[in-house]
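Below you'll find a set of structures to go through.
There are two complexes below, and they share subunit A, which is joined by subunit B in the first and by subunit C in the second.
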Partner chain A sequence: MEITERVESAGFPADSFKGVFLLAKGRSLLAKRNLMGWVYVSPWIIGFLCFQAFPIFYSFYISLHKWDMLRKPTFLGLSNYTSLVSDPRFLISLRNTFLFMLFSMGLGISLGIFIAALLAEKMKGTHIYRTLFYLPNLVVPVAFGMMMRPIFAGQDYGLVNIILSRLGVANFQWLDNPSTGIWVVIITNFWFIGACMIIFLAGIKSINRAYYEAAEIDGAGWFRRFFNITIPLLGPVIFFQTVSGLIYALQIFDIPISLANLGGSVHTTMGRNDSLASLIFYLYFLGFREWKMGHASAVGWVVFLIGLLFTFVIIWVLRRSWYSQDAN
Partner chain B sequence: MRKKILFIGLCLILVVATSVLAAPKVTITYTRWAGTQEARDFQALIDLFMEKNPNIKVETEFLPWDPYWNKLMTTIIGRTAPDVISFSHQMSAQYVSREALYDMTKLPGVSKLLDEMQEGTRAAVMVNKKIYGMPVGAGVRAVIYNKALFDQAGLAYPDNEDPMTWDEFLKIAEKLTIKDKNGKVIQYAANFHKREMWESLVVQAGGKFIDDYTKPTKILINNKEGIAGLQFLRTMVEKKAIPPWEDDWEGAFGSPDSAVATGKVAMMQAGPWSLGPLKDNNIKFGTCPLFMNKQRANRGYINFLAISRNSKNPQAAWKLIEWMCGDGQLDFTKTGDLPANKNYLAAAQKENPYGYPEEVMAAFFSELPYVITGPMVPTTELITLTENTVQDLTSLRISPSEAAARIEEMGDEIIANIEY
Partner chain C sequence: MTDLRKQLEFDQSLSELGKSKKANWGRGCAHLFLTTYCILIIIPFVWLIVSSLKNMGQYYNTDLLNVWFPWPLHFENYPKALQTVPLFRYLWNSIWLATVQMILTVISSAFIAYGLSRFQFKGRDTIFIILIASMMLPVQVTQIPLFMFYSKIGFVNSFKPLIIPQFFGSAWYVFLIRQFMVGLPKDLDESAMIDGANTFTIFTRIILPQTKPALMVAGLFIFLYSWKDVWGPLIYLQSGKFYTLPLGLLFFTGPTRVEYTVELAAIVIALVPTVLLYFMGQKYLEKGISIADLK
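What follows is the complex of A and B.
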């Protein structure tokens, strides 16, 4: 098949890639244009190489060393990585991050789709609800974390404890307890569900109404339409949200640190007995509190590998299950 | 010939005079943590130095506590730190023990000036016989009390130089703590700096936290004396003499630095830096030393000045440090610290540059010989461990003996793994 035909079959006008074809034939004019193209994108490329590519590879180099940022790095091989296996703080951070990922992402996506589906219905005042659901996203997470601190404060000072004590439930140390600290982070994060909802709403709006109309004629109810049309056809959006939610969950840092940062303390701790530890919080703690940059870089690379692995798994699972409107 | 000599002589005089008059003005930078009023006080101090040293221009940068340390770390690592850096001893170990500051040992007059400093301040600035800073002030906390609340309780004011005993404190605390009908405390007797105070109590009971503050090898708290100190801290919470841990810094009862200003706390453990707001709010206050048991002890701070390793003008930077730690000590003390230099201690007491009555400052001066500094090691693990444990203790989750055992067991492991 001719290349122009292949371009056409892909849905583009035949002359879309004319420049590329001409360049392939070695036309000097296009070589110049190509050069100009490189010149135009060079600020970004230079920025990328300096501020992203170099730090990424340098962090790997550092992860193989002991380095306190003040003295020369000492080569350690893989020991920064192997020591993580027996590092209790790393294991707590890993557990907390997985819990956050599972519940925050899982429940967040489920609730996000559900709310989006409700708000996609033609009802009076839906745009007011859409605004209301999205509005909390305008609050900076650090500020919100700080607001939540007195709410979940221990003894009879926290708002939650005050309410619970009225109901006859005993006081609880929400933030200080290693088994509950991460749940406060998960609950706090639900405040930002609007961002997830708005993307699903856009996805639902792009689904061809004909499917719904046909289903309605066939007598399908709201739930039937939701599970049999909305969810399957939202596959690509769910995939996108799952991957971005996974990356977000792996990088959770701002809410735990704002919940943990105690006034008057000269050092930031990860909550009492690491109750609010997450992988990136631990990375920050190692790098910028303990000055163990090699150790911190190793944590960073482990986070990256976990993210990569999960992304592949999600791609594999979702690719097998989603439907395409066009295919149908 | 004479004319020639005269001409050459005149030329030489002209050259010398011109070079003197047009001596290049050296610009150095100075940084310190400071609140709004403190920044004004320190700027006035620097202005005075510039007046006395017209050839040195000092550019200043004052930042609040937390941003100050974050920025300092970045600039020291990036080698863009200001020429003269202010340190508090509890935040300096990462830099001093790793020799990340300018080695001042060979600068003229450094050793002599360091000898003039109070005992106990030198350890904060020396590593491997090299001098990395010069103590400038001692941050001393004493007890500041609200006279009106003492009057309401019908209590006599405490002595401003002789400390109460633990039992005496508990007795007056009982009268100063007020509860509502439901048993909820609406006025506390005191708000103390628990995160640091526990160590003072251990020492007051005759114990010791650690064998060496700069190169520790062993935790020493898990014994009768150590447990007695921790027990007293717990007792104060149990008797509701002080607010619980959660309310230490952020609750309705202010912080140890501001509690008395709330009108709901009779005593707080703070330094002269906390007196200004009380004066501004027309609160009648008095001061007294921290209570004692077998002996006196009170956690304090050593503030020192260091030169950045990247400084292009270490001589000019040293000139500023030398003045602040020497001839300018009395002017420096106006900012709230007590002099680090022994030679100026008596003068500071006599001349009282603080702007508060002598009887108010007497408590702080009486505390000075009993100041303990706490460990100065390049890890946050030890402070995290003690803070977590003391939080558990004062939240009544663990007993004093459990707290001491935990600090010993985990502390020894942390100490063994410190990377100097």
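What follows is the complex of A and C.
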């Protein structure tokens, strides 16, 4: 009798063998079993320590030195960092990356939500549109950049220039001019809107139809519904996409390097006149072309800190997006 | 009877809402916008394919007709592209690397996700938070110390640095699979526990089969990501024979300077595999997006 009572009070049906078993064997078995959790998680912990935590701190140590791989490292203190401030290549990388972050995140995400909302409606051909939008995301970015390069090339036979010359506008050296190089990267980023659009689409589809129907009956137009229902309820998704977009934009590298491809294996500048510089491109350049490991590590840490900073900013600005529609 | 009528009228009035002039205008505008955007997206690809069939003379000719409809077509650009650099070897390298990374990462990530979802131990939630935070560290920032380490032990210029980290799971996929596992019912687990099964057996016999959708989605994404990746290969694969497809493309000009149109053909060749894979794996991708959205 006592046993069945104890079993019941633990939440199992009185005649449940499972309940008796678990209770009888006691908590020790469960606890021991739970400790196995550590075994399963250990690979990740080891990986994290070896490939992420330790390297990032060691990289800071490296950044305090002048270190190429051949000679002994010399201690420099923070001068790798202070020299960045007056380094024109760093400054243009910084400017380019910031511009890219601003436009790819701001416009990219807004456009992604908008298109997703359009495609969520019952319309003919949504399937085709979805496929077409997502297709560029499947393409190897290097191939994509190399495809875009001749299109934006400065000579007469660049496609954009051909079109412009038909309209009477003079040829422009899009890729070679340091002020416009990054705009090519920004524009080409709009080809990749499919990935974030599809995620938003899934999010929109999971919103309860009742909200929309109620709004429709109350006479709300499409845009009203979009701004007052869709966007607020997509809060968590928007948050996640913004942070992912931040990380992606911060480490943009594939597209600039393939746009900068000067037709040979040796890149001596990041695009002509460093027009296509980005922070990570610069890191690659310093570290693996000029073998200035200390300098490159300093750039790496700047990237890391910028990422941290912006993540906190985003968390703070979008902190009210933490709820989902169930919490309403 | 009257209720039915009221219901019908109500339904009719709702569908009227949809059929109103305003809605049709809106629909038309949406289609216009979407179609224009899609056409813009396609134009570069069309240009690429068309131009890859030109010779250099036609390429420099900016007559509108010639730009879009060159004649004659020079299909020999494609065999030339395949001869200039060993594109098939690069293709094979990419396939091999992507497959290995996919299998290793899926298995290790599932292993770790099992630990994070089916066990309650102190510190589990802390680890989970660190996991999510670690997703925000760009991989390039940690690369320099790792490179120095690998070169000390002679692993550079091989596939080893690209494969070893995959044994330890990857935060994003651990997260994805864990979210999925959390939704699996616990009854089977518990019955197996009572029958005396150890945790590993439960993992392989019970949890894994149920996690298949998430595993396939993760696998597909890992494969795709590895295929597109150029950072890792660029740093660690230094001999031509190891190059993956993106890398081979980047360094396309071989010892002899090739015509640019041949390079365009090579780009087209590089674009084909993933597009094919997409159309084959389409439904898994879509399932994946909805699973990834499970917050």
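The working rule: the second predicted complex is superposed on the first by the 284 of 328 C-alpha atoms of A that agree within 3 Å, B and C clash if a C-alpha of one lies under 4 Å from a C-alpha of the other, contacts with A are read in each partner's own complex, and residues count from 1 in each chain.
Everything that follows uses one rule, which is that a residue touches a chain if its C-beta (ideal position, glycine included) is under 8 Å from a C-beta of that chain, and two chains touch if they have at least 3 such contacts.
All values derive from a computational prediction rather than experimental measurement.
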- Message: Residues of subunit A touched by subunit B versus by subunit C: which partner has the larger set?
- Response: C
- Query: For A:269, is the partner it touches subunit B (first), subunit C (second), both, or none of the two (neither)?
  - Reply: first
- Message: Tell me the contact category for A:288 with respect to subunit B and subunit C: first, second, both or neither.
- Response: both
- Message: Tell me the contact category for A:150 with respect to subunit B and subunit C: first, second, both or neither.
- Response: both
- Task: Return first, second, both or neither, reflecting whether A:173 touches subunit B, subunit C, both chains, or no partner chain.
- Result: first
- Once the structures are superposed on A, label A:247 by its partner contacts, choosing first (subunit B), second (subunit C), both or neither. second
- Query: First (subunit B), second (subunit C), both or neither: which does A:116 touch?
  - Reply: neither
- Message: Applying the document's definition of touch, where does A:196 land relative to subunit B and subunit C: first, second, both, or neither?
- Response: neither
- Of the partners subunit B and subunit C, which touch A:69 in the superposed model: first, second, both, neither? both
- Message: Per the definitions at the top, what is the overlap between the subunit A residues touching subunit B and those touching subunit C?
- Response: 69, 150, 156-157, 263-265, 288
- Query: Along subunit B, where are the residues that touch subunit A in the complex?
  - Reply: 69, 73, 76-77, 90-91, 94-95, 98, 100, 184, 193, 195, 244, 246-251, 255-256, 378-381, 383-384, 387-388, 391-392, 395, 419
- Query: In the complex of these two chains, what residues of subunit A are touching subunit C?
  - Reply: 17-18, 21-22, 33-48, 50-52, 54-56, 58-59, 62, 69, 115, 118-119, 121, 123, 125, 129, 132-136, 138-143, 146-148, 150-151, 156-157, 159, 162, 165-166, 191, 198-199, 201-203, 205-206, 216-217, 221-222, 236-237, 240, 243, 247, 250-251, 253-254, 257-258, 261, 263-265, 280, 283-284, 287-288, 293, 296-297, 300-301, 303-304, 307-308, 311, 324
- Query: Can you name the residues of subunit A that touch subunit B in the complex?
  - Reply: 66, 68-71, 149-150, 153-158, 173, 176, 262-267, 269, 272-273, 288-292
- Message: Give the list of subunit C residues in touch with subunit A in this complex.
- Response: 14, 17, 22, 26-27, 30-31, 33-34, 37-38, 41-42, 44-45, 47-48, 51, 59-62, 64, 67, 108, 111-112, 114-116, 118-121, 124, 127, 130-131, 134-148, 151, 165, 167-169, 171, 174, 190-191, 193-194, 199, 203, 224, 227-228, 230-231, 234-235, 245-247, 249-251, 253, 257, 260, 263-264, 267, 270-271, 274-275, 277-278, 289-290, 292-293, 295
